[in-house]
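Chain nomenclature is as follows: A, B, C, D, E and F, assigned in order of appearance, with residue numbering initiated at 1 for each chain independently.
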Amino acid sequence: MEEKQVKDSLRLYHNLVERCFLDCANDFTTKTLTAKEEACVNKCCDKFLKYSARIGQRFAEQNTAMVDIQQQLISENASQ
Amino acid sequence: MSYFNQQQAASNQTFMQLEHEMEAMTDVFNKIISSCHTKCIPTKYSESDLNKAESVCVDRCFSKYMIVQQQIGSKLQELSQNVQEMNAEAAARASQ
Amino acid sequence: MEEKQVKDSLRLYHNLVERCFLDCANDFTTKTLTAKEEACVNKCCDKFLKYSARIGQRFAEQNTAMVDIQQQLISENASQ
Amino acid sequence: MSYFNQQQAASNQTFMQLEHEMEAMTDVFNKIISSCHTKCIPTKYSESDLNKAESVCVDRCFSKYMIVQQQIGSKLQELSQNVQEMNAEAAARASQ
Amino acid sequence: MEEKQVKDSLRLYHNLVERCFLDCANDFTTKTLTAKEEACVNKCCDKFLKYSARIGQRFAEQNTAMVDIQQQLISENASQ
Amino acid sequence: MSYFNQQQAASNQTFMQLEHEMEAMTDVFNKIISSCHTKCIPTKYSESDLNKAESVCVDRCFSKYMIVQQQIGSKLQELSQNVQEMNAEAAARASQ
């Protein structure tokens, strides 16, 4: 299970990098980020974290009932 | 198979199912993340915060995604029941 | 093998939901689907199932010869 | 390794290959589904049926996809043979 | 590890096919490739292989230092 | 756990980590391939070669991708440290 968490975090990280790169890096006359691009990447990253936390919250609310039932089934199974 | 082994098999199956469901949930979560970003977040990035309009859009987007998932899920389940009934009828006719 | 089928069905389902959501949900002034969006989702879903069945048929025709040879190889292997 | 074990290993290998091929086939199938949808199905969804024009487009799209796959496959195989021959020559020269 | 290489090669191949198909096949009044489409696929494929080799080279340069350290760690571990 | 078993476990862990890192590296490689293709390679395909302008763009694109990865990586690490410190403080307060 912990392995899955590491994998999911890495996936989030790499998806975030790809998204902010695609949305912010548009000037290929330089090898390093321009000031404008760097500011864009920072905002993109901050906003995405807030955005995905919000979706995560909605998702958790949605799943609470379902997971409750599953947990119960498992503990009944284990106690037999 | 002994009683113990049956219990073991049953709880392994539950574990497998849980793992599959968690994988599917991660998959759905990532699809919503990417879909609602497209629908609600402009790629100009003029500020770090999620503003009011964006937040409201995100909540509605999530809600609509769930409804579409529900609607299509019911449709597919209905279809699969129709197919099963047709198969059962065909099998009954064949065994007469 | 059965496990793979469950996984493939779930994948089809979730891809279908994503596609019809992206193509049909465009009004975020409401929390539930508008009548227009709901009709769009229904047509999108029906058409996609017919579409993917057609591609599946072409794909099966294409693969028949190949699979025949493989089946033969396996049964020869098993009968030795 | 006993005769039995060899047979076992051989059939395991065949099974593994089959599994890989089936995974690759599912992958190709999904890529065709998404590519030909882009090429042939308008996202207006004015009707539930696949109309005549769409059906014809889908068949041609599938056929062209297979041809592109074939063409690029041959190209890559040729390239990989050239590399292998170059490696073999280099190895032959080195062992003289 | 060899299994991973086979999988990565297949993935490269299928991604290449999809990309060149999407970029080059645009005429669905015929069942076979037009001369123009065929030429496009050939150029797309050649260019992509050169392109991905260049990215691969930059990637390898980038990773050399990191991999060196890892190799050292593993050999120290193995020799204990 | 014996000394030998500890060594065994340690090297298994290293192997697992390596495998995960290699998978992550393949994933990053594929993301760069697709991103820099979008940024630098026009889909007209008028020639087979990678011309001078395209080559320069590819090198800069790769360099910028690495910088964005670095920048976001630092940001996430900082955030995760802040969360850990807050958790540690909360735990310390709870145990008083």
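Following the convention adopted for this analysis, a contact is a pair of C-beta atoms (placed from the backbone, for glycine too) under 8 Å apart; a residue touches a chain by one contact, two chains touch by 3 or more.
These figures come from a predicted structure and were not determined experimentally.
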item: Where subunit B and subunit E overlap in contact partners, by chain label; value: none
item: Farthest chain (mean CA position) relative to subunit B; value: E
item: Label of the chain whose CA centroid is most distant from the centroid of subunit C; value: F
item: Centroid distance [mean C-alpha coordinates] between subunit E and subunit D, Å; value: 14
item: Centre distance in Å when subunit A and subunit E are each reduced to the mean of their C-alpha atoms; value: 27
item: Subunit A and subunit B: spacing of chain centres that average the CA atoms, whole Å; value: 18
item: Overlap residues in subunit B, where contacts from two or more other chains coincide; value: 59, 63
item: Subunit E residues counted as touching two or more neighbouring chains; value: 11, 24, 42
item: Going from subunit C towards subunit D, every chain in order around the ring; value: C, D, E, F, A, B
item: Complex contact set, residues of subunit E against subunit F; value: 4, 8, 11, 15, 19, 23-24, 40, 42-44, 46-48, 50-52, 54-56, 58-59, 62-63, 70, 73-74, 77-78, 80
item: Contacting residues of subunit B [partner subunit C, same complex]; value: 20, 24, 27-28, 31, 35, 38-40, 56-57, 59-61, 63-65, 67-69, 71-73, 75-76, 79
item: Parts of subunit D lying in touch with subunit C, wherever the complex brings them together; value: 7, 10-11, 14, 18, 21-22, 25-26, 29-30, 32-33, 36-37, 41, 43, 45-50, 54-55, 58-59, 62-63, 66
item: Complex contacts: residues of subunit A adjacent to subunit F; value: 3, 6-7, 10-11, 13-14, 16-18, 20-22, 24-26, 28-33, 37-38, 41-42, 45, 49
